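What follows is a pair of complexes built around chain A, which joins chain B in one and chain C in the other.
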Partner chain A sequence: MPSYDVMPDVQLFQPAEVDDALNLVDQYGKDGWILGGGQDTYGWLKDRAKHPTALIDLNGIEALHGIRETVDGIEIGATTTLREIIASPLINRDFELLVRAASRVASPQIRNVGTLGGNVSQDARCWYYRRGLACYRAGGNICYADSPQGMNREHALFDASRCVAISPSDTATALVALEATMIARSVNGSRNIAAEDFFVGPATHITNMTSLESDEILTAVQIPSRWAGSRFYFEKVADRDVWDFALVSIAVVMKMDGDTIAKSRFVCGGVACTPYRLLDVEKAARGKTLSDESGDAIAALASQGAKPLNYNHFKIPLMENLVRRAMRG
Partner chain B sequence: MNPNLSRRHFIKAVIASSVAAASHTGIRSAGAQERHRGAVERLISLNINGRTRRVDVLPQETLAYTLRYKLGLTGTKIGCNRGECGACTVLIDDIPNYSCSTLTHSVRARGVLTIEGLQAADGTLHPVQQAFIDELAPQCGFCTPGQVMSAVALLKENPKPSREEVRQALSGNLCRCGAYDHYLNGVMRASGQS
Partner chain C sequence: MDLVMYKNDVWGREVILGVSWELLWVVVVAAFVVIAAHAIIVGNRKQAPRPSSEGKHIERHDGKDRIFHWVMAASVMVLLVTGIFPIIGIEFSWLTLHWVAGLVLTASVVFHIVRSLFWQDLASMNIRPSDLKETFSTAKKPGKYSIEQKGMHAAVTVLVLLVIGSGLVMFAMIDTPWWERTNSLSEATLGWVFLIHGLSTLALIAAISLHIYFSLRPEKLFYTRSMIKGWISEEELKAHHDPDKWPKDSA
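Moving on, here comes the complex of A and B:
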């Protein structure tokens, strides 16, 4: 029977056990496509911009789903939906930052099926790349966005290397701020990857957004209790409140010592291909009180080293102002 | 000439035999796939609007496609087919989902509710549908089935929502006519708050 749907012919596997999924991923390698909520997947397939031969749907695997308290924090299964994260009393109590980030993802219907594992594994946001053009990221030897006529309003300020696309994930910034650990499994065993090392830029890996190998599955995300109940700040600036990806977002965790900041992590989304840590801001924030004055004093450090393209200069004051807002009392 | 061998009968017979052949290959290839653990069967049962429906579903088929073109439930609209408009919203186990971005195989053993399943057996409209009519909520009407489903899901979870909560709950449904406030009025009326 022919299909008149716009979905291409592809095999579908819905394994019930992690081991079955690992075998399938191992067997299909780069031709396999791991399916979470599928909200980033179907666009690629319908556009014929990617051509996997097999979809491996992880949603039937009980072990990859749910939120558990561990000895040192919490563990969130990779197929836990953003809806479940937003509703979780445990995450609301300890890591509200992640709830705020997850609440700003796309639209309600997408959050209802979108998974944490899928949200952090999204592919780069660049319309040239997503159009299916043979750019660097797609294995070609040109960047259409970083050309004299290129439309690059949404693109990167930092760490571009041939490709200037950005990371679209809202939860990724929160997870880097919270020093989460990603658990990856393959048929050969499992490994723990610090969130900061999980996301990779084009200088490291031009065709991948994460350090996952093609035979690996992201099975869970662990958040240590180190930052539980800290002072959190999350803000996402986008053209539209719903569906849209961040122009710039910021996720901040702060440990206070009385009125002053003892320790903090500032992470920006939408400015680089990975969540971008503002190390200079973190250093300068130490010992500061929360006030407009301290915000003014350190904000300019946020954008140091930025290399704007033709149309994205506006992201520089945007980043600085988000730091100012995070520093308000 | 044998009247039983008329042209019409002949054509009918040819069609019937090719259908049989096609479905036979279909079954055989599904059997071959069972070698891999987790491969999906094509002939599945779906629970749509409280009824069990047997459908032959391709692995890559989306729920919107199955509903509209295999089950004749064309109340569910396909707008963008990209999860960016909300016209195809249906409830899966009471949670709103974009049916254009849901694989039909992922809703086996789950309950799907579409716009056709809302009205009572005697034809009485669902309170949300009635309130939308009373508030003249739809303009062109294309996004309406999706708006209704999102509103029904919200009221099941939260029978007395605030206007802001309604706004959030319906934020995944675009309306190109811009009749958003009318839809909000409709949901407030359906919840007995206006």
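Moving on, here comes the complex of A and C:
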């Protein structure tokens, strides 16, 4: 597959209003490509692995940008950059988990231009798929990663269905843990989608990572106040400290009742095609204190049901150890 | 419009990917046109009086065969919904439902094959040259099955065996409770399997559309009733079949 340094011939639209962008998305449908920070886009287009006819650049739309306090939490515009999220006093005060997750995305340069909407909507990073091979996710009839010779060190432990790619987004795990709501708009109206339902696995939609339809734009992310100021834990394990995707990550929110955990949400990244809730861990953590002993007691629950591939068994102890570390006092 | 979709395999060679699903709409439109044309033509004809369903009952389908038919019908419907809906954009978690329904269909077809080979009169479904005379002469009546019914049975037999055969190969290519997938077929071979599965599915959609249409036509409703209750009346037998051939052809 050839790789180019230049963009292909594609029409660029830079609407200034959301309605104009929605009309363009409606007009071009699957031939249109929504552009945020471009960090997922340019690779696809320069590799000639995707062939949209229209780029719809959302960065000029003021209404999609910024962080606003709402009656019940905050709303972050989809084109708000990761750097702006990291620097936001409001988010630092109430939802530091998202700050920690955003701080671990890629590199400083990428965080300067990468947007929250783009980070949660980015496509799978499976190299067979990104290479332009006609795998299941590309509409084909085979998974190259899950074959006897397939290199699947970074791939899924859970919920694979034909495709074994994982969700690459660091902020996605934090948003699922914080019970965020994604706001999707089309010319036909607006949809509020729970973050947990926003990300879809291959059993449901093998060619999409999210439940966004081709005529919809993710306009904002709302985070309710119910977890504001809670105890947070985020950790990402990757081969490199910067500019790398998670091998496994964990985002945890906990409501404490004195010294014990009253309520929690544990979400792992890098182990399934969607942010993966550790429901058994959450149940077991209730009433426990934060300690090494508690961590040891519940860590093994994290990997129950895992189906490792040829080269990713190491993710099982990695998941368990991340739960242990989240449970430390 | 393409009949077949192609892709480049991992070595860059062009191989078959599967059937072009644009054909689905061709099949749907063609089936609708045939059904509409038939309905208009038959509707303009003078209708013969319908025989009474009262009187003596003649068994047409044994209980086991009726159960087989409806199990097969249900499984085929589930297979079509779970196979086709995601292709036309209605997304849901379909794969497990699909293969479970496929196994039900396979088991029911195996049951039917064994039963027809050893307990039924398989020859009654054979299409003979003499059957063609039924088409051109109203005086010539069929035995238990008309040539149209035999033709539909033959077509569905071939298509279901093709869809099951290709489906079982595809089944081996996914993870199940009994094995993990092997991905052991070459991409070219896999493409042929997908093509056969897709083409036989499209042909089945056409065949089933016609089957359902004819089973709901007023003059054929007694056949549908016989597939539910098992019998036709003596008058219906005399009106549509040759009673002398009936016992010979009957199971």
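We adopt the following convention: the second predicted complex is superposed on the first by the 324 of 329 C-alpha atoms of A that agree within 3 Å, B and C clash if a C-alpha of one lies under 4 Å from a C-alpha of the other, contacts with A are read in each partner's own complex, and residues count from 1 in each chain.
Criterion: a residue touches a chain if its C-beta (ideal position, glycine included) is under 8 Å from a C-beta of that chain, and two chains touch if they have at least 3 such contacts.
All figures in this text were calculated on a predicted structure; none of them were measured in a lab.
*Asks:* Looking at the overlay, does A:Pro8 come into contact with chain B only (first), chain C only (second), both, or neither?
*Replies:* Touch status of A:Pro8: first partner only.
*Asks:* Once the structures are superposed on A, label A:Ser225 by its partner contacts, choosing first (chain B), second (chain C), both or neither.
*Replies:* neither
*Asks:* Which partner does A:Leu45 contact after superposing on A: first (chain B), second (chain C), both, neither?
*Replies:* first
*Asks:* Which partner does A:Asn112 contact after superposing on A: first (chain B), second (chain C), both, neither?
*Replies:* In the superposition, A:Asn112 contacts chain B only.
*Asks:* Please name the chain, chain B or chain C, that touches the greater number of residues in chain A.
*Replies:* Counting contacted residues of chain A, the larger count belongs to B.
*Asks:* Under the touch definition given earlier, write down the residues of chain A that touch chain C in their complex.
*Replies:* Going by the criterion above, the answer is residues 133-134, 140-144, 146-148, 150, 160-162, 200, 203-205, 307.
*Asks:* Taking the complex as given, what residues does chain B use to touch chain A?
*Replies:* 22, 26, 33, 36-40, 56, 58-62, 65, 69, 81-84, 86, 89, 95-98, 100-103, 105-106, 150, 168-169, 171-172
*Asks:* Within their complex, state which residues of chain C touch chain A.
*Replies:* Those in contact with chain A are residues 7-10, 17-18, 91-96, 173-175, 181-184, 187, 190-191, 194.
*Asks:* Please give the residue numbers of chain A that touch chain B in the complex, ascending.
*Replies:* My answer: residues 1, 3-17, 20-21, 23-24, 35, 38-39, 42-43, 45-46, 55-57, 59-60, 83, 106-110, 112-113, 241-243.
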